[in-house]
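Shared between the two complexes below is subunit A, which pairs with subunit B and subunit C, respectively.
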Partner chain A sequence: MYYIHTISSISNQDSFRNNDVYSSLRKFDAENDVVAPDYKEFIPRNALRRLSPILRMGLTCAMECQKNTNAEFDSIVVGTALGCLKDTEKFLTNFITSTSDFLSPTAFIQSTHNTIGGQISLGLSNHSYNMTHTQNNLSFEVSLIDAMLCINDGKKNVLVGAAEEKIPFLENLQPNIVADTHPLASGASFFVLTDEKKSIGIKKVDALFNIQSVENEIKRFLATENLTVNDIDLVLTSNNIELSFEKTIHYLQHTGLHYSASAFATHVGHDFLKSNPANNVLVVNHLCNDKLGLILLQKG
Partner chain B sequence: MSDLKQTLKEQIIEQLNLEDITPADIQDDTPLFGEALGLDSIDALEFIVLLEQNYGIKIADPSEGREIFQSVNSLAAYIEKNK
Partner chain C sequence: MEIFITGYGLISSIGIGADETILSLRNEKSGITKGSNDFSSKYLVGEIKFSDNELKERFGIMQNCSRTALLGMIAAKQAFEGHSISEEIKTGLISSTSVGGMDVSEKEFRKYLQDGKQDLSQYKHHSSGVSSEQIAKELGIKGFVNTISTACSSAANALMMGARMIQSGMLDRVVVGGTDALTSFTINGFKSLMIFDEDWCKPFDNSRKGLNLGEGAGFVVLESEKSMQLSKQKAVANLSGWSNASDAFHQTASSPDGQGAQLSMTEALKVAGLTPDDIDYINAHGTATPNNDLSESQAIKSIFKENIPPFSSTKALQVILWLHRVELKLFFRFLQLTMDICIRI
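Presenting the complex of A and B:
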């Protein structure tokens, strides 16, 4: 078991510094992208002015996790499917339209996917292992697997999370990426995994590619832990599943559509286990047809 | 010249995304690098881009920047001399 020490999420929900995100879930609010804290309370002014929304969310969640953990992270692992879209768009627009010989360095520097992990490293003055994973909608799951390997390798407190930001231009691209009609959104969720016993942990994670049957893969995944569908108290899923679970939440109805929303679903699953007489929560991420992410949360 | 300085202040705020700072907060002789605005080496690169894009002035020798970017006064004087 890989225990969860603390979690911090910024999302469309009122999730930041909320001890029970599950109980306060509401429908996605199209009027707001995210319910964000005042970033000036977390990030120095001189650093903040350069940071796009995804960097602000990621760094703030990481800082909140650091504060709650009260120990230095010995690994930082970040997942993001589309990365720093705002700076990428700014850089490419300048690149195409500018007639000058020079381009703004800031947008270029911050357009790469690993800027989130880099800014967290700079913001926390943490020079430990720092890795970014980009695997489409499974970026968070792959990051979790890396974080679990870090724990196996003897690391004590591993920061792992995922972040995505939307830009208006994404509306044009979205139909070509995944067949889903939920409104586009932004969000970030970060966790501290530890080998120290806590009340709730992550038992198993799979990131599967080229799958044939979601239902068969779920049954196989649960069977490896000697579980069946009937043992799952809550399933949080991105899409409909042809299996009968006791309780199901379609998490995109709360997060909106972004490619790392399963990280927020994991936060909800954790809070459900914390406040309910339940033992097993399954997060099913089937946003892309041939890819499947499965995360099993359990009481410790 | 005073119009140029006012324009420069607005361009600096926009290019460097100086949140919560207005042109009135930047005196003509305020040192741009250091305590007052807290600018750094990346901002120096942004100044080079600003001069090229808005005034068509290329700084061939980056070491000149230290003197040119001292204040709005020095920036305006350099633009007047080279445009």
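Presenting the complex of A and C:
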């Protein structure tokens, strides 16, 4: 078991510094992208000006997690499918349309996926392991796998999370390239995994490719933990599944569409276990065709 | 648990495959020339002098893909030669890239900005994860796929992740490496940082002024002992130590004392159970920017003190932007492989 010490999420829901995100879930609010905290509390004003939404969200969640953790993180693992889109688009536009020989480097510097992890290490003056994974809709799941390996390697406080930001351009790509027709959204969720016993943890994670049947894969996954569909108290899923679960939440209806929404679903699952007489929560991420992410949360 | 390297492949401006590359290095043949694309023609770059179509034809690649994915397929296929897919060997692919399919996106986006027309379907190549999934498909790998994106340290991080997954038993065999095509995006980006040398780059030279950009890909196959017995492949080397640490100094510059590099070299030696005296050669990042080479030299001095082993950077001959380490180790046939990584932030 990989225990969860603390979680911080910024999303379309009122999730930041909310102790029970599960109970306060509401429908997606198309008027607002995310319910943002006052970033000035976390990031100096002059730095804030230059940071894109994904960097603000990632850095703020990481700092909030650090505030709730006594020791410095000894690993930082970040997942993002599409990364820093706003600065990528900005730099593309800048160099394609510019007639000057001099370009501002800020957007370029902040366009790479690892800027999120980099800003976190800079913001926390943290010299530890720092990794960025980008695997489409499974970016959070592969990051979790890395974080679990860090705990296996003897690390004690591992920050792991995922972040995405939307830009209007993405709407052009729905639904053919960006799967699904839910309204696009942004979001970030960060977790601290620890080797110390806590009340709730992540039992198992799988990132699967070229799958034939979601239902069979779920059954196989649960069987490796001696569980069946009947043992799952809550399933949080991106798509319809042809299996009958006790209770189902379609999480994209709450997060909107972004490729790391399963990280937010994991946050919801954690809070559900905390406040209900339940033992097992399954997060099913089948946003893209033949790829499947499965996360099993359990009471400790 | 020992991690064995049982295959390798690479493509860069100085050659396709290990033999060609080693020959170029021995003869000190540089691959850095004036660029042949509209966006690269003003610069000295390490370009691969074949078009996408020429490469696809030569290597029998049918997939519609970005140049980043294509270079990755060529190098990964070489690395995987002699290997075959088997139910008994849990096989994965961990690639890495910084630009992903930007070579495709930037062309479409330019059309969009200039004439308001674009082929939206082309953006399917943009996501870095897609390039890795396509490389896996080319090799017939249906299992775990992952992409790492940490700029210059990407490919080394892919090796490390692969080794750790084998140690944990999640995989028995994993093809690891990295790929990046030369793009207008990166050329303009590094131009905006003003760290280009208009001449050939000169790593660790007193007159060093900056870097040249290039493109390429390099992959190796990592296996556990159990996997090697089944695949019947021979080990060319072991991967014995690795580490990743963050300099946490500046977004684009290295600290003057190379703290991140010191931390990662120290830890990599520890993981390998070696001391600095055991190291026979260091392949340095050596970008030829004054800042990098100073930082790296200080870090090497602090670890190796009076007994600094021979070290070099082959950037003067072959420039592979952002993920060069894998290939370099190959040239020395992995005599002693200790990965060290410093994420430059």
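Everything below uses one rule, namely that the second predicted complex is superposed on the first by the 298 of 300 C-alpha atoms of A that agree within 3 Å, B and C clash if a C-alpha of one lies under 4 Å from a C-alpha of the other, contacts with A are read in each partner's own complex, and residues count from 1 in each chain.
Basically, a residue touches a chain if its C-beta (ideal position, glycine included) is under 8 Å from a C-beta of that chain, and two chains touch if they have at least 3 such contacts.
All values reported here derive from a predicted model rather than from experimental measurement.
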Classify the contacts of A:46 with the two partner chains as first (subunit B alone), second (subunit C alone), both, or neither.
first
For A:70 in the superposed arrangement: first (subunit B), second (subunit C), both or neither?
neither
Considering only touches as defined above, state whether A:226 meets subunit B (first), subunit C (second), both or neither.
neither
According to the stated criteria, A:122 is in contact with first (subunit B), second (subunit C), both, or neither; which is it?
second
The answer to whether subunit B or subunit C touches more of subunit A is C
Under the stated touch criterion, which partner chain does A:103 make contact with: subunit B (first), subunit C (second), both, or neither?
both
Let me test your reading of the model: by the given contact rule, A:83 touches which partner, first (subunit B), second (subunit C), both or neither?
second
Scan A:212 for contacts with subunit B and subunit C and give back first, second, both or neither.
neither
Subunit A positions within both the subunit B interface and the subunit C interface are 102-105, 109
Residue ranges of subunit A in contact with subunit B within the complex:
45-46, 48-50, 98, 100-106, 109
Seen from subunit B, its contact residues with subunit A in the complex are 15-20, 38, 40, 42, 45-46, 48-49, 52-53, 58
Where on subunit A does subunit C make contact in their complex?
76, 81-83, 91-93, 95-97, 102-105, 108-115, 117-119, 121-122, 124-136, 138-139, 142, 145-146, 149, 152-153, 172-173, 176-177, 207, 209-210
Write out the stretch or stretches of subunit C touching subunit A in their complex.
98, 100, 105-106, 109-110, 113-114, 120-121, 123-124, 126-130, 132-133, 136, 142-151, 157, 161, 164-165, 168, 170, 184-185, 188-189, 191-194, 243-252, 259-260, 263, 343, 345
